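The same subunit A turns up in both complexes below, where it pairs with subunit B and then with subunit C.
Here is the complex of A and B:
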């Protein structure tokens, strides 16, 4: 088992690198696309909506093939890591665009009214008030999606880049015994996924201040008040 | 100083009307408010009280009527720049506080000063600390809204509105969402603000606030002002049947 692990660890480094690149390319684009979907002129919203629909509609494997084998036909030749970054980045942007859009839409109307009543310029209100709330709201789902992207990095195998599964398969074939290595590979994926998920719930707990042990009384709307000023004076 | 100057009109509303589809929510409302005056607006649910004060800072767009602020008329439709200029002069406190949840109490009060008024961060922070101390929350400056009680959040919201140095403050049922035992701390802050000469319009169900702090009580029903008077007269001898019925119902509830 330990020996199997040490064989697979370089593959894990490849997978994690692909995950990092996909998120680095995909998240900023996804955020921009999400903002465009949330509030932008029709001429911009439409093409963005179509593109993200395409990105979600294509199986990730198809997108990988299109970029790696298709792009060279129009003169864009990318090496394996670059092609995977483009493909995974596109898929990531397409999925997270909708996460960002719905997170922005989930900010209550009352916050928009507070921005207006305080005479904040719309862009400032967006950047300083709406966006932080939306990001906080989106974070758990984003990390959940990162887990899926991480598992999706196994598709690198399909264009010959050796990540965990690729190495497990090759090495297993050499030994005429694929199963133990595949099981070890699965355990590795599971471990990383669990770590990411734990990170997500930890972050969610930290970001939700109501969960903090501080002086706190949540006020709920109540009917008819009875208070005299005198009793306080 | 013994010369008595005539009251200066801070706000003058004439013929304000607003409908939502077929529903006439405001019908020809007229109201003049003197500078420094505290007006309590009371009335049954759905009578148009919120819509009325939301028309004053244009969170709702009125269909007809004029609003004059400090003698200056406001065009029926404002550019976004004019709109922001208006809102800088009109502070608003909401029933549900509407603090920015990702920011501390201090940041909530600093942010609009910096970005709406263009104050330096340093000035804004000094003013914010002064105002938070005034509403009794000097020690809570670094707390997030979720770590504060309803009464504390509403006091931060009042400080936030005051920080823009508005000419007039609008309150829409500022204590209705707060636990009864915590309302008094908010009402006390409002009374202090009134005592400092702020012009205030307060939609409220707090009859004691209306009685003890307001200079005038305005009774709304069915989208119009049915009756208005200074508090003692208003509560002692309401003139209209509709007012009597409303008061009977509310005062009953208070017993």
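Here is the complex of A and C:
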């Protein structure tokens, strides 16, 4: 197990780098798209809405193929890491646009009224009042989504980039025994996913002090059987 | 690409999606029941089941099922491995869908069932379930669309579904840009009826069991 782990760790570095690149490309774009979806003139909102639908409706694998094998047909040739950054970044932006939009929509109406009442310039009011509250609201969901992006980096296998599963597969084929390496790979993914998920729920608790911890709903004790008069007599 | 080839591929995509979804829905119900059941070890097992299956990329599970499982000399076929993988992974997601539905039912409803000493099953099926179902249904509908897109991964272990035949055509010289764009649009087109059906079913359920406010 330890030896398998040391074989796979360089792959984990590649996966994490892809995750970082996808978030770096996707989150700012997603924020811009989210703002466009939240409030923008129709000529801008429509194309953004269509693009985000495409980004969410295409299987991520198809988006990767489209960028890596399809873009060269229209004159855009990207190497594997660049193509994955574009593909994952586009998917990330499409999904997070909706997270950002709903976070902006969740800011209470009173805050909008406060901006108007203080006669803050709209842009200032947006940047100083609405956006910080929206970002706070969106953060746990964004980390939750980062887990999904991290898992999505396994798709790099499909175009031959050697990340965790690519290495596990190649090395396993050489040894004529893939299962131990695949299980180690699964354990690695699980560990990172669990850490990120714990981070998200920890943040959620800290950022939202009003939220009570999920109430345990245990089965209530069944009421004592109704004893009829005759029985007790 | 001949029409016959495309139809066959569409068949593989739909088979993998639908069969996995039905199996996942059944298995997920068991997991959700265990998760809420009275027996602690079973509850822990259900929690572990959900987080382990969801914490690892489906592609890894697909490889484990296809390359890793050797039952004696018999290997799973690619389609069987796909269905096995997505049934198990899906059971974790759908167990969460059921759970979100049950969690949306107010606690007082459970107490009301106990307080009126309703027998367990009618109490569940006539009081709790009608309120939980619309919420679970919309989560399950969202997962079905997710699953449809995830079956594209089966192309990597050689199931000749839509993504496989498109990629094959592109590697033989078809225009990759148009081919993959059309393929993506095909998945979008397939998911639209699912989304509509889920929304209609949810609306119908809500109407049928609407409680006068």
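Here is the rule we use: the second predicted complex is superposed on the first by the 208 of 233 C-alpha atoms of A that agree within 3 Å, B and C clash if a C-alpha of one lies under 4 Å from a C-alpha of the other, contacts with A are read in each partner's own complex, and residues count from 1 in each chain.
Throughout what follows, a residue touches a chain if its C-beta (ideal position, glycine included) is under 8 Å from a C-beta of that chain, and two chains touch if they have at least 3 such contacts.
Bear in mind the structure is a predicted one, so any value in this text is a computation, not a measurement.
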Touching partner for A:111 - first (subunit B), second (subunit C), both, neither: first
Touched partner set for A:41, first subunit B, second subunit C, both or neither: neither
First (subunit B), second (subunit C), both or neither touched by A:132: first
Touching partner for A:179 - first (subunit B), second (subunit C), both, neither: second
Which superposed partner A:155 touches (first subunit B, second subunit C, both, neither): second
Touched partner set for A:75, first subunit B, second subunit C, both or neither: neither
Subunit B/subunit C common contact set on subunit A: 214-215, 217-222, 226
Footprint of subunit A on subunit C - complex, ascending: 36, 38, 51-52, 54-61, 63-64, 67-69, 102-103, 107, 110-111, 114-115, 117, 149-150, 152-153, 155-156, 163, 166-167, 170, 175-181, 183-184, 187-188, 191
Of all residues in subunit A, those that touch subunit B in their complex: 110-111, 113-114, 116-122, 124, 128-129, 132-133, 136, 208-210, 212, 214-222, 224-233
Residues on subunit B engaged by subunit A in the complex (per definition of touch): 57, 59, 80, 84-85, 87-88, 90-92, 94-96, 98-103, 111-112, 115-116, 143-151, 153, 160-161, 164, 175-180, 182-185, 187-188, 191, 205-206, 208-209, 212-213, 250, 253-254
Of subunit A, residues touching subunit C in the complex: 53-54, 57-63, 65-66, 69-74, 151-152, 154-155, 157-158, 165, 168-169, 172, 178-179, 182-183, 185-186, 189-190, 193-194, 197, 214-215, 217-223, 226
